[in-house]
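The same chain A turns up in both complexes below, where it pairs with chain B and then with chain C.
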Partner chain A sequence: MTLLAATFRLQGRMMLASRDYWVDLVRAPLLAVVFLALVRHCGRTDLIANGLLAPVLMGVWSMALLISGEIIDADRWLGTLEPLVAAPASFARVVGGRVLFTTAVSLVTALEVWLVAVLGFRIAPQVHHPAVFALALLATAAATAEAASLMAALFVATRTARTFQNSLSYPFLLLGGVFVPVGSLPAWTHPPARLIYLSWSSDLLRDAMGPAAVTGVAWRLGVILGLGAALLGLGQLILRRVLRLVREAGTLGLR
Partner chain B sequence: MNKDSEPAVETDLLRRVYRERRGRQIVALDGVSLRIEQGEIHGLLGPNGAGKSTLMKILSTVLLPTSGRARVLGHDVVAGHRAVRPLLGVVFGGDRGLYPRLTARQNLRYWAALYHLSTAAGRARADELLHEFGLADRADDKVETYSVGMRQRLHLARGLIAEPRVLLLDEPTNGLDPLAARQLRDCVRSLARQGRTILLATHDLVEAETVCDRVTMVNHGRIVATEAPKTLARWISRYERLRLEGVAPALRERIRVQPGVAAVENAPDGSTLVSLDSREAAGSVLAFVVDAGVTSVRTELPSLEEVYLKLVHGDLDVMRNNSHGHGLLGDAEADVTAHMSGEPVGHLSGEPAGGRAR
Partner chain C sequence: MSAHQRAYERRTGFDAFRRAATRLRNGFGVLVWAARAGLADHSVMFTLRTWLLGWFMRMIAQVLFFLTIGNLLGPGQARFLLVGNAVLMVTLHGLNATGSTTWELENGTLGLLVASPSSPSTVLAGRSLFWLPDGLACGLGAILILAPVAHLTLTAATVPAVAGVMVVTALSSYCLGLFLGSLVLTAHDLRNVVSNGTLTLMMALCGPEFAPSSLGPVLGRVGAFLPLTHGLRAVRGVFAGMGAGQVAALTGQEALAGGCWLAVALAVLELRARHSRHEGAALFLN
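== the complex of A and B ==
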């Protein structure tokens, strides 16, 4: 618990000290303006939920993944990566704690987007199933933190993971049904899309906002958490292997 | 085996090879066998690229050896790295290794948590170290506002956060001004008095000599010698040379044929470098150049690299034998220290017979 609290405090202080970490919190309301303006311009009030959810999910995903890489990159640059690995604490837990804190902060995007809707567009977003919505958002945040831990492992392995991170984001968001529900995408995209936890998250969040009864909440939440856990497991496995490889190659502290 | 009788650090034919992308191999450590007893301050002396940092990294578990074994207090650094890590304090060299936008107190508390100290214990230990290292007044200032010396003290404090039994210091005085370096060396000595084992990597003989109980000289990944610092200083003083200014070409030729003169060279700065073939020759050569009217004379010692070259080219046994006898300096270690720092000869104490002039 002390270690988790220490990683939270460190990440909080690092984020307060560096404006770079806040880019996604600035971008999310701007994206909300764009999406809601499009919805209003087209007269499609039925898509308001999409316009509200997309910037939130993009913000959560982007912030967690961006910062997970940044954590490794910054520690490598500051020369703290080697002492960190040499410390008795589990490297995976330290990185995981920092990523988890970042992901929790990224949920602020939901509040920002809500404010944009209310103040900018005079829309009062309705969440007909708030408990389901809250649970789905938390499950999504947890799974995103787990995905980000996997990304952090890649950053330990290679200093060029940034390209990989940037190029992967939009395909994942698209297949995750963040912009358009997976059901509206071509049929051949459905099998790979269903392997991405975001597709379950975005569907459940949209359903939670609508008036219709939400079915299969428990198992849908289970799938989100399960896919997240699978990413976490994969991330831990890769991180262990990568740490061994960089200790063998002598590239851990190289900038 | 009783854990108290285990060596603090033991390596056995340790080898580390780096492979470059083009397939070229760089041997950073080549069969290093070393034994450091508990409570010892052991210097690892060598020029840049000698393999000191590689050894430090292997011992600190962040780098794996290619072959051979290394143990810290009986635990293998590869198979038992989880047992090794809590026993070690690691201070890698240079300006890096801290979070500059955090305060010293925040840095130390974070590292305390990484060494599994409870929140209360971490807070108390951080306060104690900040006080001990003279950082208490600036404890809540961001590290980025610190001087190099303060950062280096904070590095050391970080390395000590969990009261390690073995402390690895990789060039801790690098970049420090002489006063700050001296303060840091005092710290190191006081840590050893607390019973800690310290492995200190340095390329500075004075540092090794003034701080360490024993020194291992490494070069090109191999151990050249492990001796008491006194002995090493005596060996090195054997290669003393004279730097003369204002020497006319004709006089240069006359110096060249004096007994005991091994070589005479023109230095790029216009001075004349006279290499001697023995310490005993210094007196007579000095007397000759002073009589010839040379008024600016300095004695100086060769660089460590030059000494290593001489050592590895077969003079080691000769020097070992000589070191038990009486050289010109005898036991005047302070004198050797002054030589290494490039003091003008006129400022030296304990000058040998034969006199020195300026």
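== the complex of A and C ==
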């Protein structure tokens, strides 16, 4: 618990010190304005839930990609990677705690979007199944943190992954169905899209906002958590392997 | 006036002209070298493979993301959003100049620029020019690749016209990016916040997603002072069969907006450089 609190404190201080980390907290409410104005302009008030959820999921995914994904890489640049690896505390748990904190901060986008809807558009977002919505949001946050752990490990394992970091945003948002449900995309996109936890998250969150009864909540939550766990497992495997290799070769700071 | 005096005045006038021409030639040379330095930065960031499979695909995916939203919204919306977001890609790259202008501080070369005899504003105006061909490739590439998906008809006449308007839009957006870069020159941790925030605001104010007038009479007119608005209207006009005169007029307005932002950007950079020298803080850190 002390370790978790320490990682939260460290990540919080780092996020306060560099305003670059706030980019998605600035962008999410502006994106909400764009999406809500777009659906209202087209007279598609039935798509307001899509317009509300998209900026939140985009913010959460983007912060996972750009902040959590860079945690280990940032440590390398700051020169704190070596002492962290040498410390008696588990390196994976330190990274995990910091990723968890970043993911929790990214959920602030939900509050921002809600405020934009209420104050800017006089829309009171309705969530007909609040319990399902809360569970889906928590499962999404957990899966996002797990995906971010994999990215953090990948960015250390290979420089090529770091090059493609920025490129993982919109392809995943598109296949993740954050605005347009995967069901409305061409059939050939469904198999790869269903391997992305975001596609299950966005469907379940939208369903939880609608008045119709939500079916299969348990197994759908299970799929989100399962896909997240698979990413976490892969991330841990890569991280352990990379750490072993650099320890053996003595190239931790040089990799 | 004696013949001797007239010859003297002719000579001094000629000297002044020659000095101005030399200054202009030197300034252009500095601009070219700055652009070459920026291009070197770009080649460090991307190889052809990583640009094509990473950066370019990400841009296409962003346009496709909005195109699919258009399909969901109703007939004709996919085409509207394809054109709007493809031109937005050009602006996105222009605004990337905000970030790359601050790289000089990170590289530790800003102080050297202030101390050098050439104008730092000329160097900073040229060092991010590499974003322009990148943005044009992404914007035009998105239209060419995704036009069949949105049932947008391309002809041999429309493509060069659209490319021409995009060049002007890229330049005017670059000028705004340079201005924003001049504001955050020494606060480089704000560069992404400022450029991304501005781009998202422009998505609402300049018309790539919907007509700005739907935001109300005041907000609907703000876009007229920003790059992208007139250029995008010109591109939409080309596809709608608007007359060449009207397209040229809109493109001219886009160029005018860009020119104004460039003038403000250069003024801010020049002021900051002068202030830094005056205060003895040759790193703009004042």
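A few points about this structure:
Simple rule for what comes next: the second predicted complex is superposed on the first by the 242 of 255 C-alpha atoms of A that agree within 3 Å, B and C clash if a C-alpha of one lies under 4 Å from a C-alpha of the other, contacts with A are read in each partner's own complex, and residues count from 1 in each chain.
Rule of thumb we're sticking to: a residue touches a chain if its C-beta (ideal position, glycine included) is under 8 Å from a C-beta of that chain, and two chains touch if they have at least 3 such contacts.
Note that the structure is predicted; figures quoted are calculated from it, not measured.
Contacts of A:187 after superposition: neither chain B nor chain C is touched. Residue contacts after overlaying the shared chain place A:26 against chain C, while chain B stays out of touching range. Contacts of A:124 after superposition on the shared chain: neither chain B nor chain C is touched. Touch criterion met: A:173 reaches chain C, while chain B stays clear of it.
Once chain A of one complex is fitted onto chain A of the other, the partner contacts of A:218 are absent, as it touches neither chain B nor chain C.
Once the two complexes are laid over each other on the shared chain, residue contacts for A:13 go to chain B alone; chain C is not touched.
With the contact threshold set out at the top, residues 18 of chain A are in contact with chain B in one structure and with chain C in the other. Within the complex formed with chain A, the residues of chain B that make contact are 16, 18-19, 54, 57, 60-64, 82, 85-86, 88, 90, 92, 94-102, 106, 109-119, 122, 158, 162. Across the complex, chain C is touched by residues 18-20, 22-23, 26-27, 30-31, 33-34, 37-42, 44, 47, 50, 160, 163-164, 166-171, 173-174, 179-180, 184-185 of chain A.
In the complex of the two chains, the chain A residues touching chain B come out as 2-3, 5-7, 9-10, 13-14, 17-18, 78-80, 82-89, 94, 244, 247-250, 252-253. Against chain A, the residues of chain C that register as touching in their complex are 45-46, 50, 53-55, 57-58, 61-62, 64-65, 68-69, 71-74, 77, 187, 189-193, 196-197, 200-201, 203-204, 209-211, 214-215.
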